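Some structures are shown below for you to check.
Shared between the two complexes below is chain A, which pairs with chain B and chain C, respectively.
== the complex of A and B ==
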């Protein structure tokens, strides 16, 4: 399973990065390949490349606010959750999404 | 229905765009005021650097309503929302509907623009004109009329009513209000609940009500200071309540707290949510209640300890902050368990959350 995603929270200095770390750690433990971009107050970091997006099985948006560059994901499966959800239960979240996709 | 409107997400987007402006403008006012600056009214006679800074800060505050309005409209309807959003916001600022008017104006503008973009059909030769002229003109015209003649005055009235209500509060009502606001502001360490309280205080500041702002500043600093106090107590009494890792986090959280960034305590709170939230909210509530009771005002919305001299009663503010932090520190010290010595297990337990309504689009 290959995943790309974006994390962005309201103040853009803490939850964004905590969420990224949690999700990346959970994904790695589950054996998925993942790339997460952050859109914090400082701007975009770890920007996703078009190859990463092209190869991804789905897009995981961990966001509380409007994000930039959403049109990059046209035609892809997109899942959107709050940073709160991803921080509280990153593994369960990923498992739930993957199950849904495989059953779809 | 409400969920579909995504009110929260749009408001949060506005807050995230607004924060850097509030901080910059607030600090400029603080630096200007502290060095003797005043708002410049006559640019023909010379002016000093402090006065220039104060003036810039005040202008920056004036931009808040337009920025909020534009950001909400952008969040709803993307780029076409920005121009009419700015206009709705500046109407709100100038007629005195302030911050509330900016928020409402932003939502209406965003929905209107989204509607226009979707339903206005133009002949092929005019397709270039649609984003360039039709949408901006129509949306600005409609929103202009609506803001000036329909929703503007009721909001001005509501804002004034709220302002005079807050100013007329006495005695225990003041304490309760301060406690509630303080508790909310520290409840989730800089998360959404804090931002709501913060938004409320910033909005009132624009209306000239400066006391809630002092409560907000106090409550944002209570969690890091309270945690630090409990840690110092644990050192003094040799009663270990933090693991080595948590102690390192506290050493980072404290300096962040000085500049009013509460988020530093999140790593500590994440492993012990209930105790941290309860103790920090209680401490902030006590401090906030005292701050309101003593009538402490802050003309500046952000900046932590550095802007305390700009307040009307700096020493009382520090006292309220100290009392609040000590309350938090004492509760934590008494309530927190000894950390388990073995290194934390990698398999962290996850909370149960409702993942049933996840949609894959």
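== the complex of A and C ==
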């Protein structure tokens, strides 16, 4: 399973980075390949490449605010959750999304 | 101040003056005030009321309790002179809006300068945020006995 995603929270100081870290860890533990971009107060980091996006099975937006560059995901399956959801139960979140995709 | 961006140390934003291991406050608002007093005394916040108001305004936008007894209130504010963090630990259970609906004992208050964009200090706060995704780190936060232990915990975990 290949995943790309973006994390972005209201003030772009803390939740963005905690959420990214938690989701990345959970994905790795589950054996998935993941790339997560952050859009925080210091701008965009770990920007997704078009190849990463192209290869991804789905896009995971872990966001509390409007993000930039959403048009990059045109035609992709996009799942959107809050940073709180991702911080609270990252593994459960990924498993639920993957199950849904595999059964679709 | 010149710091090698590739080799910076989290110890640079954590100082003993900005740590309280025995918060006296019994509720969220008082905790924010008590930690802000440390920031004012240390010269990092210039206008206490303005900063507290900005932190409380952020609180209204969404919960800052991460679960496991830890909360990270934060304010990006014109009242902040130096971007930094203050850490408070309490023996009391402080009621806080949290992801696990439980009270907190460790409160890490992020003070961010309004005009601070793309600076080293925000990168350091980012490092602190990443630590908070580490379950062992969170567990250890609840057992530290001294300020030195607390600072070492931050520094050592961030080097892992």
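Things to note:
Following the convention adopted for this analysis, the second predicted complex is superposed on the first by the 104 of 104 C-alpha atoms of A that agree within 3 Å, B and C clash if a C-alpha of one lies under 4 Å from a C-alpha of the other, contacts with A are read in each partner's own complex, and residues count from 1 in each chain.
Methods note: a contact is a pair of C-beta atoms (placed from the backbone, for glycine too) under 8 Å apart; a residue touches a chain by one contact, two chains touch by 3 or more.
What you see is a predicted model, and the numbers here were worked out from it, not measured in a lab.
Because the two structures share chain A, they can be overlaid on it, and in that overlay chain B clashes with chain C. When both complexes are overlaid on chain A, the residue A:21 reaches chain C alone and has no touch with chain B. Once the two complexes are laid over each other on the shared chain, residue contacts for A:10 go to chain B and to chain C alike.
When the shared chain is aligned, chain C comes close enough to touch A:42, but chain B does not.
Of the two partner chains placed by the overlay, only chain B lies in contact with A:104; chain C stays clear of it. Of the two partner chains, chain B is the only one that A:81 touches; chain C does not reach it. When both complexes are overlaid on chain A, the residue A:64 reaches chain B and chain C alike. Looking at the superposition, the partner that touches the larger set of chain A residues, chain B or chain C, turns out to be B. Overlap of the chain B and chain C interfaces on chain A comprises residues 9-11, 13-15, 18, 41, 64, 84, 87-88. The touching residues of chain A, when paired with chain B in their complex, are 9-15, 18, 41, 58, 64-66, 77-81, 84-85, 87-93, 96-97, 100-101, 104.
For chain B in complex with chain A, the residues that touch the partner chain are 9-10, 12-13, 15-16, 19-20, 74-75, 190-192, 195, 261, 263, 266, 270, 350-353, 355, 358-361.
Chain contact summary for the complex, chain A toward chain C: residues 9-11, 13-18, 21-22, 25, 40-43, 64, 84, 87-88.
Against chain A, the residues of chain C that register as touching in their complex are 58, 61-64, 66-67, 72, 74, 76, 99-100, 110, 112, 116-119, 122-123, 125-126, 128-130, 132-134.
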